[in-house]
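Labels A, B, C and D are assigned to the chains in the order they are written; within every chain, residues are numbered from 1.
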Amino acid sequence: MSTINAIVTDAPKGGVKYTKIDMPEPEKYEAKLKPVYIGICGTDRGEVAGALSFTYNPEGENFLVLGHEALLQVLDVSDNNYIKRGDFVVPLVRRPGKCVNCRIGRQDNCSIGDPDKHEAGITGLHGFMRDVIYDDIQNLVKVNDPDLGKIAVLTEPLKNVMKAFEVFDVVSKRSIFQNDDSTFIGKKMVVIGSGSEAFLYSFVGKDRGFDVTMVNRHDETENKMKMMDDFGVGFSNYLKDMPDKIDLLVDTSGDPSTIFKFVKKVNNNGVVILFGTNGKAPGYPVNGEDIDYIVERNITIAGSVDAAKIHYVQALDSLSNWYHRHPQTIKDIITYEAKPEETNIFFQKPKGEIKTVIKWP
Amino acid sequence: MSTINAIVTDAPKGGVKYTKIDMPEPEKYEAKLKPVYIGICGTDRGEVAGALSFTYNPEGENFLVLGHEALLQVLDVSDNNYIKRGDFVVPLVRRPGKCVNCRIGRQDNCSIGDPDKHEAGITGLHGFMRDVIYDDIQNLVKVNDPDLGKIAVLTEPLKNVMKAFEVFDVVSKRSIFQNDDSTFIGKKMVVIGSGSEAFLYSFVGKDRGFDVTMVNRHDETENKMKMMDDFGVGFSNYLKDMPDKIDLLVDTSGDPSTIFKFVKKVNNNGVVILFGTNGKAPGYPVNGEDIDYIVERNITIAGSVDAAKIHYVQALDSLSNWYHRHPQTIKDIITYEAKPEETNIFFQKPKGEIKTVIKWP
Amino acid sequence: MSTINAIVTDAPKGGVKYTKIDMPEPEKYEAKLKPVYIGICGTDRGEVAGALSFTYNPEGENFLVLGHEALLQVLDVSDNNYIKRGDFVVPLVRRPGKCVNCRIGRQDNCSIGDPDKHEAGITGLHGFMRDVIYDDIQNLVKVNDPDLGKIAVLTEPLKNVMKAFEVFDVVSKRSIFQNDDSTFIGKKMVVIGSGSEAFLYSFVGKDRGFDVTMVNRHDETENKMKMMDDFGVGFSNYLKDMPDKIDLLVDTSGDPSTIFKFVKKVNNNGVVILFGTNGKAPGYPVNGEDIDYIVERNITIAGSVDAAKIHYVQALDSLSNWYHRHPQTIKDIITYEAKPEETNIFFQKPKGEIKTVIKWP
Amino acid sequence: MSTINAIVTDAPKGGVKYTKIDMPEPEKYEAKLKPVYIGICGTDRGEVAGALSFTYNPEGENFLVLGHEALLQVLDVSDNNYIKRGDFVVPLVRRPGKCVNCRIGRQDNCSIGDPDKHEAGITGLHGFMRDVIYDDIQNLVKVNDPDLGKIAVLTEPLKNVMKAFEVFDVVSKRSIFQNDDSTFIGKKMVVIGSGSEAFLYSFVGKDRGFDVTMVNRHDETENKMKMMDDFGVGFSNYLKDMPDKIDLLVDTSGDPSTIFKFVKKVNNNGVVILFGTNGKAPGYPVNGEDIDYIVERNITIAGSVDAAKIHYVQALDSLSNWYHRHPQTIKDIITYEAKPEETNIFFQKPKGEIKTVIKWP
């Protein structure tokens, strides 16, 4: 047993403390790690606010270590041909159960959900905001690009985008989605929202060849506009200028009223990815004409959550590519580096936040 | 020009008449045909009621011949190695435009919609309720099974089901949908509705290996219960007994309130096929928790309309298989044979209707 | 321990005896079964001839019970909602290992092969030619159609065809394989061989909409020609009349010289399924032009072996459909019913053999 | 009519001249372009040697302008929102016919072949080794990355690799190809050959997560070894050290003897991409055991030729990513820049050639 520093909550009640905890030291382990950077997102804030009823502490414990968007460094590791001491790695958040999808490494598609699978820092497993972490090598994804540095902390949010595009690739095969020249040139992708996930969706959309527009119900800051511009991504305040003829719609808001307004702007054979969640969003009256619109146009609406290890690998690769081609914009996604003791960041977004991260001491 | 009998409406205003019309006789044609049986469905009734604003007469004409669920007989045909005089055929309803999907025979997935594609008896093309029809061979699908008889008139409604299962096959590939023994044994399919399309969906679902339940908000007649039983399909009055743990949900109602109640009973990785349309159905307040449910469970919702020629071929094959294994039940789907002059069937469903057809004299 | 009758070999040495063996009676079991009909095929004959070096006895035993194409009847079964005493069932041949494909019920695609997976009657597991069999319910596929009778013994060979068409479905997606009307009308499938597997491939090909021709290097018997004709399948003695413009080529011969002659008759985007095996077939000089032919035409050649439980289910469904539409031809596939003591059938094909089966007493 | 410089051959007879030719100036055109760099490959050399019987001059002409691996610059262009004067573009080589694949921009999968489709500089269409080129905008792919420079001339050979991986993606779906953690970590890809296409295949393989080894029947130069090393690609002289346990085998040699030796080292569910062609390669005796090997292991062998416009787009994107992460290695692929008058490069490879290009004056 050792005493270490950690940021903890009590799931699902909430609250947050940077405090000392006692953690057992395993006799045998594959890898011993320490955090370097850990991002925080709406889920962390929801947990601290006590707003996420599905979260729970590890079995037999009365607290939950927070943190799932992690970049770790290897302190010690058993003999293997993948990672070595000193390497930077990103740990998997969701850990498999025994369902048919979990057993092939696709716990992101768990057929059962809890308690078949667990998520570090969220449901029944401690997260990564603690001085020391023990884990199996198979749960770690190596950062190959030595230039990447702290940018690698964006792997976890980006992996969700990679999985969502995998879903798009599958469902869009129901008809010919591409142009008659086989490309996506001019195909319109609209991303609802302008937070960090919206940026990541937009950048991947550009890599995929889409004409991408981010939308929100207000104008955006000069800083964000510049970042979008660097990647060739457009922006629209949809209260002033509502996009239409959308081929791929991605929602990061979780707000039904916004979603369904945009669904009625989707083209025949269009695809809608539902990614954002906001359990408290009020109802929007979907009527017979809305259903009719979806049916007559062969529209597909796909919920997408989490991602598999391969998407972490893909995310790291895209981050490297982006970093080498647009270094400043990628760095600008991380808008604030907090110290662990600044637990107020769980309650209040730092001004101009795109992504806030904690730099672990 | 010849004068023939036809059942016509004036789209989109509505109305119905069994009347004489003047139709040009083409100098050259590939096939000359006459109707044998023609089914009627909600679309025909919607047109007659003037409720379908998207319908329109052929260009330059002030009427539209009704009828798209047709079984025709070949009166005369140019030299070819597919059909001959006397053959029974089913004509395609939707005719291609120039979009990328239309040009490969997938006008059911038309990327543009009207006016790129047209639908016989619905949008800009005369239907089949007329003494004589001229068409190209490529628009005709041969009835191969000589035993099938009038059952072949069910090809058109059944082809929609075949296409919807093609959509299911594509979108369900986003995860492992099947059991860990590779089968669908015990996978639950629920079909909302108990009309003719609901029966056809249920029968195909059984062929695909699903455990199938039809649902409606009332008990069903003894006759329908017997037909379901013959195919091993269950039934539930969902006001009394709400099914849950659904893997594949098919809606034939078009009613958002029913659809979204059932969506919240769908399993992880579940698929929802939206097929029914009812433009007048009132709004149902879809809220943040509903969206969250879809996202967290990787649920896919797919609108599906119309079908391609291959689905007509598949439909005829299934009808033959069903006819030889369950002759009485298949015959019982056709609950009433009307004469053309009985135009009241467009206003009022004959008692106990599953499918009403017109026997052309 | 009980003494029962069985037909055994000593793998891989060969030989065959109908003899008494001692088999342990398990204290607990899910299902107790007896054979009804068991087919024999080239594999059984290869084992008896000692020609299959990959076969082996169960661990610690000095004999191997033969028989993998089985139709069994349930003598006793533990409580379950799938099968009951008296039901007819077909047992799975291949039993899963721990590889990523095996663990999702796709041991037909075992990533490792022996000793990860085993095959009853072939590699390390006793087959079904014995008075009593104990098995788990998950390894049994129920015969649902009460009319099917002994025809169900064809499930095992047919399941291989179903899997091969699944492979075709996947690999043919690399381009548009179908006609520009979305159908397979006129698409040419050629099946090399005219034994039982060739018949089953041809019949499935017809169901899939292909224009099917079986070929062999001699004329065929009147009986076989009549059976083909009943299903609309053509035949060609390819020494006299070599087919060309082939879209789907299926080989059941395992003979490289025949295969590669036909490969050069395959159309652009064509698919070749390699199914037959004949380890002793002499070499055929494949040269640079042959490779060039495959490359320039985007041809896909896919080996396909075994099948998953879902293919057994599909096979049973097709057998029912065929039986009700072509009863005599389906019955005629079984050309001889032997008694267990007629072990000479393992050495010598009964005259006019398509499929020889043993009727277990 | 204007007189311009061009490098021409007389297909299929062969020969090569840098000479003046008369070319008509179209009254109307979408884009007027000039070459900047043009690569040469085995096809160009085969044409000049008169070894490619399938090549032919444009209809009514007695010569064929060579050159299909082109980087062009826009001299003049009609109003559009894709390219403007001064942009660098890569032109499509293959131009569509009317087949079902051509009509959706997939002339790389032409169902018919010549004369349905044509290839610039190869079959019936003039290539790009001439002072002035007129073309339609839809046949041009813009170079978006201003840093890329002459590296963009590698787009054409790389696009073939992108298409081959699309084929891999499709055919490998017939089973679970990936590891049980969903990744390709440790999956072994072997590329036969060490020329420019072999390098490009290897680099894409690395991007896809494979453990990649290039092989040849001799040791490789220090220069090539360094380039491989920079991308983490291994090399093996297979006469000394034959790789085995191959998951993805790519052939760039067209030599049956090498191909089939390596096929027998492919794992269960492995994929073989046949890409290289060498019509003069001698025969290799493929025997029954070779066929058996492919069947029993569910191996897929796929010919792959040419690519679609989307693959040009993907190729340009990968070139940019590689250029920014491995600038020197990417530059080192171009081993020699010739002047147009150096027509000896069509007969004799410059020493140490990976890719030779002509810099157009």
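The criterion applied here is as follows: contacts are C-beta pairs under 8 Å (C-beta built on N, C-alpha and C of every residue); 3 or more make two chains touch, one makes a residue touch a chain.
Everything numeric in this text was worked out from a predicted model, so none of it was measured.
Student: So which of A-D, C-D or A-C is the twin of A-B, meaning more than half of its contact pairs are the same residue numbers?
Tutor: It is C-D that repeats the A-B interface.
Student: Please work out which of B-C and B-D is bridged by more C-beta pairs in contact, and write that pair.
Tutor: B-C
Student: Report the inter-centroid distance (CA atoms only) between chain C and chain D in whole Å.
Tutor: 41
Student: Can you work out the whole-Å distance between the CA centroids of chain B and chain C?
Tutor: 37
Student: Take the average of all CA coordinates in chain B, do the same for chain D, and state the distance between these two points in whole angstrom.
Tutor: Centres of chain B and chain D (C-alpha means) sit 47 Å apart.
Student: Counting only residues that touch at least 2 other chains, which ones in chain D make the list?
Tutor: Residues 100, 103-104, 106, 173, 176, 178-180 of chain D touch two or more partner chains.
Student: List the residues on chain D that touch chain C in their complex, please.
Tutor: Listed in rising order, the residues of chain D that touch chain C are 100-101, 103-104, 106, 108-113, 166-167, 170-171, 173-176, 178-180, 254-256, 259-260, 267-269, 274-292, 294-305.
Student: Could you please specify the touching residues of chain B with respect to chain D in the complex?
Tutor: By the definition above, chain B touches chain D via 100, 103-104, 173.
Student: Please name which positions on chain B make contact with chain C in the complex.
Tutor: That would be residues 82, 103-106, 138, 145, 176, 178-185, 207, 209, 308-310, 313, 317, 320-321, 324-325 of chain B.
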